[in-house]
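Structures given as structure tokens follow.
Both complexes shown next keep chain A, but they swap its partner, so chain B is in the first and chain C is in the second.
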Partner chain A sequence: MSGRRTRVLVTGIGLVTPLGADAPSSWAAVCAGRSGIGPIRRFDASGFPVRIGAHAPDVEAAPLAPRARKYAARQHVFAAVAAAEALRDARVVPGSADTERWGCVVGSGMLGVEFAELAALQRRAAPAGVLEVERLEPTADPVAFARHQSIGGLALLVQQFGIRGPVSAVHTACASGGQAIGAALRLIRRGAADRVLAGGFDSMLTPVGLAGFCLLGALSPDNDEPARASRPFDRTRNGFVLGEGAGFLVLESAPAAAARGARAYAELAGAGDALSSYRITDPHPDGNGPIQAMRRALADADIAPEAVDYINAHGTSTVMNDRSEAAAIRAVFGSHCERLLVSSTKSLMGHLIAAAGAVEAALCALALRYGVAPVNANLTTRDPECDVPLVVGASQRRPLQVALSNSFGFGGANNAVVLRRAPDEEPGG
Partner chain B sequence: MQMSPVPRSTIDALFPRVAEIVADALARPREEVRLDSRLVADLGAESIDFLDIVFRLEQEFEVRIPRGQILESARGDLSEEEFQRDGVLTELGRTRLQAVLDEVPESAFAAPLSVDDIPLLFTVETLCKVLAGAEQQPPSE
Partner chain C sequence: MTARVAIVGSGAICGLGREPDAIWEAVRRGESAIARIRQWDSRAWVHGHAAEVDGCDAAELVGDRKLLKLLRRTHVFGFYAGMRALEQAGFVKERVPLWPAAIADYNDRSGIYVGVSGSAYQDQYEFLPLMARSDGEIGLFGAELARAVSPMWLLQTLPNNVLCHLGIRTGFSGPHACVVAHSTAGVLAVAEALDALRTGEVDRALAVAHVAPIEPQALQGYATLGLLGRDVVRPFDARGDGCLFGEGAAALALEPVDRAAARGASSLGEVLGSGAVSEGGALFAVDPGGEGLARAIELALADARCAPGDVGVIVAHGNGTRTSDRSEAAALQRVFGAAIPPVTAFKWATGHLFPAAALLDVILALAALRTGEVPGIATLREVDPACAPLPLSADPQRPRGELALVLSRGFAGANAALVVRAAR
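Then we have the complex of A and B:
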């Protein structure tokens, strides 16, 4: 089946992450094991139990038309910059002749409304604590409403880049970015598009986002050692670090890429989704859900578990995720586990929530292309309950043929994507 | 709100701040925004921009501008039937509207004129006039 199926290549990458304002600087920091985590500086977090986060750089909204910028929230600016970089990197843009053959799929954030806007609405329309409807219209900003729709970022991208094929926005919490990549893969395979701009974006480093994750007890409170706070799979880990950013890939059918002589970072070989149907925020302790997602992704790619070299783990640095994920990797890979390299790049850049899956898929493509397995930073003593081989100490140079990226979300959505190194003899491979 | 004639001096006094708001909302250079600029044809406004501009005017000038005000003023004591039929202004409706929007060139009022196209007539001066007639509202914050 896979012999006749359209192959899909990654021909462009764009990133805005806590490690850098573009893909080369983000990747260089991953290779060097440099942390992007520090004190929260965009608002006064002094009253919060957690005062550290992973801010992305304050990039300019230059890729968006001036008229469109009022509709762009912070995460949309990240998206526009990363998407523009991915298109530039792929050396292809939607043109008048092929705009309907371009698609766009994004994993979008779960909480768009900024705290300052909520606070202003409260002050203006509910001064006594109860909403006074007659005060609503004269004081509610219609553009803010448009800006915070979950379709907002997608609308800006398709308008800016002139994309007229199939588009959709996925929201499955922390699995969003990975599922967007998988949805894009299927669009190309079934012939609905030749090229898809696919990615994810998020910025929950706001008072509301921080408060929510603090209430859930999900964040590391290691305020005094920000660079060490995210330590997935370590015995002493105590939560994740909230990050922000965007990642975009240009995905292209192999014939479309060949026709223009495009180079490829990697082949996007397969994707798999599975629901845990277990609890809202707890992962299944046995790895149920993640197991099926990984198996489905491998089957979809027609790749045996033994062929996988590197896993970019969801690896949030919470006890529940890490143990459940390690159990799932054990279950899927069995004795091959010993030959795997596993790491969580969240150890360096924190958790980018809806953007995480897309950014991490991009890192897998870069890992394959440059033969580097990213470090799982800050690992001193591995949790004995996480029995998987981790990339310890520093990123490792090693030829890699196949990489898998996991993304799991609150609500029980689990996603895995599988990428394969583009053979050197292929167009630009 | 009455759309009674607004003195030139009032319009001129309001114009600089209105132009600033319009330029900002539509991401246009300030010098492109003139009193007779048409919001849609000349400055590229789309429907949500009207809501945005009215919102900003209300915040800046601490006034209340009910949505649909211009249409209401033009219709005055006419019944809906007398004013428009099937979304197209009647002869009487067009005459009334033209009187209200006396800053807009006469040629813009050629029949048939549909109700949906009325915002296409609005200029920056229209905004100044609406503002001049708007009711003061105590600051909401």
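Then we have the complex of A and C:
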């Protein structure tokens, strides 16, 4: 079956992460093992139990037309910058002849209303803490209303880049970005598009976003040691660090890429999704869900587990996730585990939530292209119950042929994507 | 050869009822659920009408009091409609006699595909009491957090909540998606399910879309954009003054035709094809020529391997706003020329159910094909001259053939279409 199927290539990458305002700087920091985690500085977090996070740089909305900028929330600006970089990197943009053959799929976040707006609403219309409808402003601000729309980010991209084929946005919490990449892959395979701008963006490093994760007790409280706070698979890990940013890929059918002589970072070989159907917060301790997602992605890619060289783990640095994920990796890869390299780049850039899966798929493509397995930072004592071979100390140079990226979300959605190094004889290598 | 996909179950809830049959009968009788909004005192609101689900006993709909603590109103609708469709399909029942390994395989081969429009303003209102108490003092806000807001707040507001809880209730663990894309999300969820069934990724799938948009700030936003009418939705009517909200959910249980036949499942019809595109314009822009909608229809027809002449009835998006209705008429003329089959629309009765609208329309379209009666647009008085070429009527019409085309349009220039056939 896979023999007849259209192959899909990654021909462009764009990133805005806590490690850099573009893909080269983010990748360089990953290779160097530099942390992007520090004190929260965009608002006064002094009263919160958690006061650290991974801010992305304050990038300019330059890729958006000036009249569109007022409609862009912070995460939309990240998206526009990363998407523009991916297109520039791929050296292709939707042109007048092929806009209908371009698609766009994004994994987008959940909160549209900014804290300041909520505070203004409270002062005006909820003085006692409960909305009094008759106190609302008589009319809404249409620009703010546009910014609040969950589909607002997708709309900005579609308009800016003139994409007129299939467009969609997905949300499965922390699996959103990975599932967007998978949905884009399927669009190309079924012939609905030749090229898809696919990625994720999010910014929950806001008072309400931080509050939500604090309430769940999901975040590391290591306020005094921000750079050490995210330590996936370490015995002393105690939660994740909230990050923000965006990652975009230009995905292209192999014939479309060949026709214009495009170079490829990697082939997006397969994707797999599975529901844990266990509990809303907790992963299954045996790794159920992640196991099926990885197996499905490998089968979809027609790649044997033994061919996998590197896994970019979901690796949030919570006790539950990392154990469940390690168990899942062991179940899927068995004795091949010893020859795998596993790391969680969340150790450096924190958790980008709806953007995480897309950013980490991009990092896998870069890892394959440059032959570097990123470090799993901050690992001093491995949790004996996380028995997987981690990239410890520093990023490792090693030729890599196949990489797999895991993304697991609250609500039990699990995703894995598999990438294969583009053969050197492919146009541009 | 790709698998043909049967519709083996349906579920729906909206202002007109909580069963597909009851909703169909109400539409046939020309009943509308649109009335003055009762969720708050809306008497002073110019655009204060909507089609609310009344007497919604959430515990009864969900059948699990403990689960209710994790669900918001929209999730209750989605969970309920999804379970109803699964029950009608016999999906859960057919698993009972299986042995454990076969059950695990069954669950792995069962997919859930959800469409939602987006987050609600009310999702964040739980912070208002704390904000009032901390009086703009963000340090205090952070410090008092744990005492003031439910630890489950984030999980209650997850857009993928229905996917999660349907998964937990059914044990289904297969491929899935949660599309968050305003009004076309329901059709996009069906398209994902269709793809998974056709490629053999799953043996059965549930597509469900849900919405509870009736809240003051959302209403104000739409009103400010000039999209809302006063008290009646009049699709394609010269006096139409805008759309009104509805709430509820709709769900379709899907299975390859041969598999359904092999287990003797009764089929409501088939999903033959889907198409979806963007017009590539601004968030709220609509191409006056219906360019995107025409392309979506053509893609859906091509996917269904059929021609415009095969379409027996069109369930239009027909949201009652002039720009959308006129551009929809233009799109239909573009695709069907002078031979447009009977056109109807149901938002005059149900209000706009955003992502769930098109799935509810599919259920009603199947009933129309089955009974040979296309319900009229009961609020239609005088057809907008710009929509005159459409075969519209306030009275029932007869389908011209055995396929129905269902249209869906939303923000971000999104246009989508589904082609379905009713079981003979």
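The rule is short, and it goes like this: the second predicted complex is superposed on the first by the 422 of 429 C-alpha atoms of A that agree within 3 Å, B and C clash if a C-alpha of one lies under 4 Å from a C-alpha of the other, contacts with A are read in each partner's own complex, and residues count from 1 in each chain.
Throughout what follows, a contact is a pair of C-beta atoms (placed from the backbone, for glycine too) under 8 Å apart; a residue touches a chain by one contact, two chains touch by 3 or more.
Nothing here was measured: the structure is a model prediction, and the numbers come from that model.
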| item | value |
| --- | --- |
| Partner contacting more residues of chain A (chain B vs chain C) | C |
| Which superposed partner A:P66 touches (first chain B, second chain C, both, neither) | first |
| Partner chain in contact with A:P142 - chain B first, chain C second, else both or neither | both |
| Chain B versus chain C as contact partner of A:S108, first or second or both or neither | second |
| Which of chain B and chain C A:R123 touches, first, second, both or neither | both |
| Set intersection of chain A contacts, chain C complex versus chain B complex | 123, 137, 139-142, 146 |
| Residue ranges of chain A touching chain C (in the complex, touch as defined) | 43-49, 68, 71, 99-100, 104, 108, 110-113, 118-119, 121-123, 126-131, 133-134, 136-137, 139-142, 145-146, 148-152, 154-156, 158-159, 162-173, 179, 183, 186, 190, 192, 207-208, 210-217, 272-281, 288-289, 292, 296, 409-413 |
| Residue ranges of chain B in contact with chain A within the complex | 25-27, 44, 48, 51-52, 55, 58, 64, 67, 137, 140-141 |
| Touching residues (chain side chain C, partner chain A) in the complex | 40-42, 44, 70, 107-108, 112, 116-119, 121, 123-125, 127-133, 136, 138-146, 149-155, 157-161, 163-165, 167-168, 170-182, 188, 192, 195, 216-217, 220-221, 223-225, 276-285, 292, 295, 299, 410-414 |
| Chain A residues within the chain B interface of the complex | 65-67, 69-70, 120, 123-124, 135, 137-143, 146 |
